[in-house]
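Shared chain: chain A. Partners: chain B in the first complex, chain C in the second.
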Partner chain A sequence: MRTLLIWGLAAAFVLPAWALDNNIKMPVNLDRLAARATESVDVTLDASTLELASKFLSKDDPDQAQVKNLVSKLKGVYVRSFEFDKEGQYSLNDVESIRQQLKTPEWSRIVGVKSLKGENSEVYLQKNGSKIGGLFVIDAEPKELTIVHIDGPIDPEELSQLGGHMGIPNIGRSGKHENVKGAAKSGNKDQE
Partner chain B sequence: MRRFLLLISIAAIFASLLPAGEFEWMVRQVSRESGVEPMHIPFFGLARFVVAVDHPAGATDLHLAVFENTEIAPEHFARMIDSAAGSSWKPMIRVRSRNGESTNIYLQQAGKQVRLLIGTLERNQSTLIEVRVKPEELIRFVDEHEHRH
Partner chain C sequence: MTEFEQQLARALERREPPAGFTSRVLAEASRQRPVRSRWSAWRWTLALRAAPVMAALLVVAGGALYQNHERIERGEAAKQQLLLAVRIAGAKLHDAQQRVVSIGEIRGAGIEEEQ
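Right, the complex of A and B next:
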């Protein structure tokens, strides 16, 4: 929970423009899930919050400038996460209304993982010409449901540069979580 | 002497008419809703002084109110803090658990600084915190803190 809060705070100051936009609305029934969940998390960083956060990031500090650049392009960020004490507390129909909204030509599903254990993950990208205009992640596990929406242009390269700052973990190119020393080592290797 | 007493009286009347600080007002709202008075925190004035002088983690001001024995459901608590905060505070993060815990974080711009309002409910103890921070210093603090772990 503490990590989540740090992430949330970091996001508030790091990502300046993430809001629910692009006509995607969280279904009302997600709020009802909160009553059944043992823990629910709702992070809402709308355009104005992100704009506010970006104002405070320095252009002179290289790290903050990177973040400012990334965040200033975003329109909003939403996270809804629910944890349940037993299985069957929610059905996939609960998120079907969102999935329906993603069935438009501009959104394409790039990842769909289904397991026999009932762990299903989907990643959708919003195409904006040759660029990414938004990202939507639905992660449904038997006792956990997480929905993430990043609205706005995303450059994966820029996103990876945020690792190691403001509580955001370092993600190496292999995709593995790295600590700072590990990141420094991999950086040296790249240079070699 | 009479003039002095008169001036004191007038000052006292005007002081009572002046609006209380926003945080104090929120504390009163929570107190009224929950029926519990905030507890006294010894030496908290000293803590505020240190924050104002030393700016730990970019914080420049700090307010804290702790309410003990608040028998409130997390949903009610969130609504109560929403109501006390009003529309000038932007709700940013809400965490709610069935075991009676609730965390609600709000944000507000204050010139070149940011004000964070944090309302938490845990085991019948609710806490209201308002902190004014310099965002760039907070970011630096979080970075350094992460690098140490």
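Right, the complex of A and C next:
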């Protein structure tokens, strides 16, 4: 009985913290940005939808087979992307609440680039023991804001291996594009 | 009256049926009716019993087809969304990587110039 009580109390404290860490809430004000955006993408794929999507990926297509392998262990994929016709349509405060959620010991910022041109990139990794438990990307450009959250074990190297395929540009060691098969946002935004 | 008209009149003149014709017809009819009606009744019973089963089967088959169609549509939509998400994620990671590399190159060039 006593053991049960201890376990119950432990679960009561640990579970909410776990749930908080693994469920980063997209701020509501992001949805308001869609009204000002010329193009917007809203992708929300939970574990069950990912599983369903994965079944429809072709094994014969090398790109799709690679994606299938990549997402097989994931718990969710969330993307919000907004493209505006002029600058100043969003403020960095719009993503500040996400940054606050990432300021936990589980998350660590591995890339933080701020440029004078206003092209800022941040990449966060979620540590899950010795493995990566998630990936978060905030990409803020003068006329574009993109937030990507990949929930689950992912190797960013695997994701970057898709470079040169599926419209993802490839980057060489020198930083120059090696093989670009179309832009990343090649007309698929209207699929929302 | 011509010969032809006479032949026609003879051919069409009323003749009484042979004796016992009516009773023979009725007897034959009553002899065959039970067999035909039993077969007909059995067919109707079978049809009436099978109709709801067939209707239920049609509903179930239709439902299964519709569900499968829905699942395929949802799956295809989810697949397209996933591919789009992977494209955007990959491109944004690439952008971040490129920015880091270009900063490294600028700094490297600065150090070389200083030397």
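The definition used in the following text is that the second predicted complex is superposed on the first by the 117 of 192 C-alpha atoms of A that agree within 3 Å, B and C clash if a C-alpha of one lies under 4 Å from a C-alpha of the other, contacts with A are read in each partner's own complex, and residues count from 1 in each chain.
To be clear about the criterion, contacts are C-beta pairs under 8 Å (C-beta built on N, C-alpha and C of every residue); 3 or more make two chains touch, one makes a residue touch a chain.
From a predicted model like this one, the values you see are computed outputs, not experimental measurements.
Undergrad: Based on the superposed arrangement, let me know which partner A:Asp139 touches: chain B (first), chain C (second), both, or neither?
TA: Once the two structures are laid over each other on A, A:Asp139 reaches chain C alone.
Undergrad: Just to be sure I read the superposition right, which of the two partners does A:Phe56 touch: chain B = first, chain C = second, or both, or neither?
TA: both
Undergrad: Regarding the shared-chain residue A:Val77, is it in contact with chain B (first), chain C (second), both, or neither?
TA: second
Undergrad: Can you tell me whether chain B or chain C touches more residues on chain A?
TA: C
Undergrad: One more residue to check, A:Ala34. First (chain B), second (chain C), both or neither?
TA: Once the two structures are laid over each other on A, A:Ala34 reaches chain B alone.
Undergrad: Across the two complexes, find the residues of chain A that touch chain B and also touch chain C.
TA: Comparing the two interfaces on chain A, one with chain B and one with chain C, the shared residues are 41, 43, 45, 49, 52-53, 56-57, 64, 166-167.
Undergrad: Which part of chain A faces chain C closely enough to touch in the complex?
TA: Touch residues, chain A against chain C: 41, 43, 45, 49-50, 52-57, 64, 67, 70-71, 77-79, 81, 111, 113, 115, 119, 121-123, 135, 137, 139, 146, 148, 150, 156, 159-160, 162-163, 166-171, 174-175, 183-185, 188-189, 191.
Undergrad: Name, in rising order, each residue of chain A that touches chain B in their complex.
TA: 1, 4-6, 8-10, 12-14, 34-35, 37-46, 48-49, 52-53, 56-58, 61, 63-64, 85, 164-167, 180
Undergrad: Where on chain B is chain A touching in the complex?
TA: Against chain A, chain B makes touches at 75, 90-99, 103, 105, 107, 109, 112, 114, 135-136, 138-139, 142-143, 146-147.
Undergrad: Across the complex, what residues on chain C touch chain A?
TA: By the definition above, chain C touches chain A via 71-72, 74-76, 78-105.
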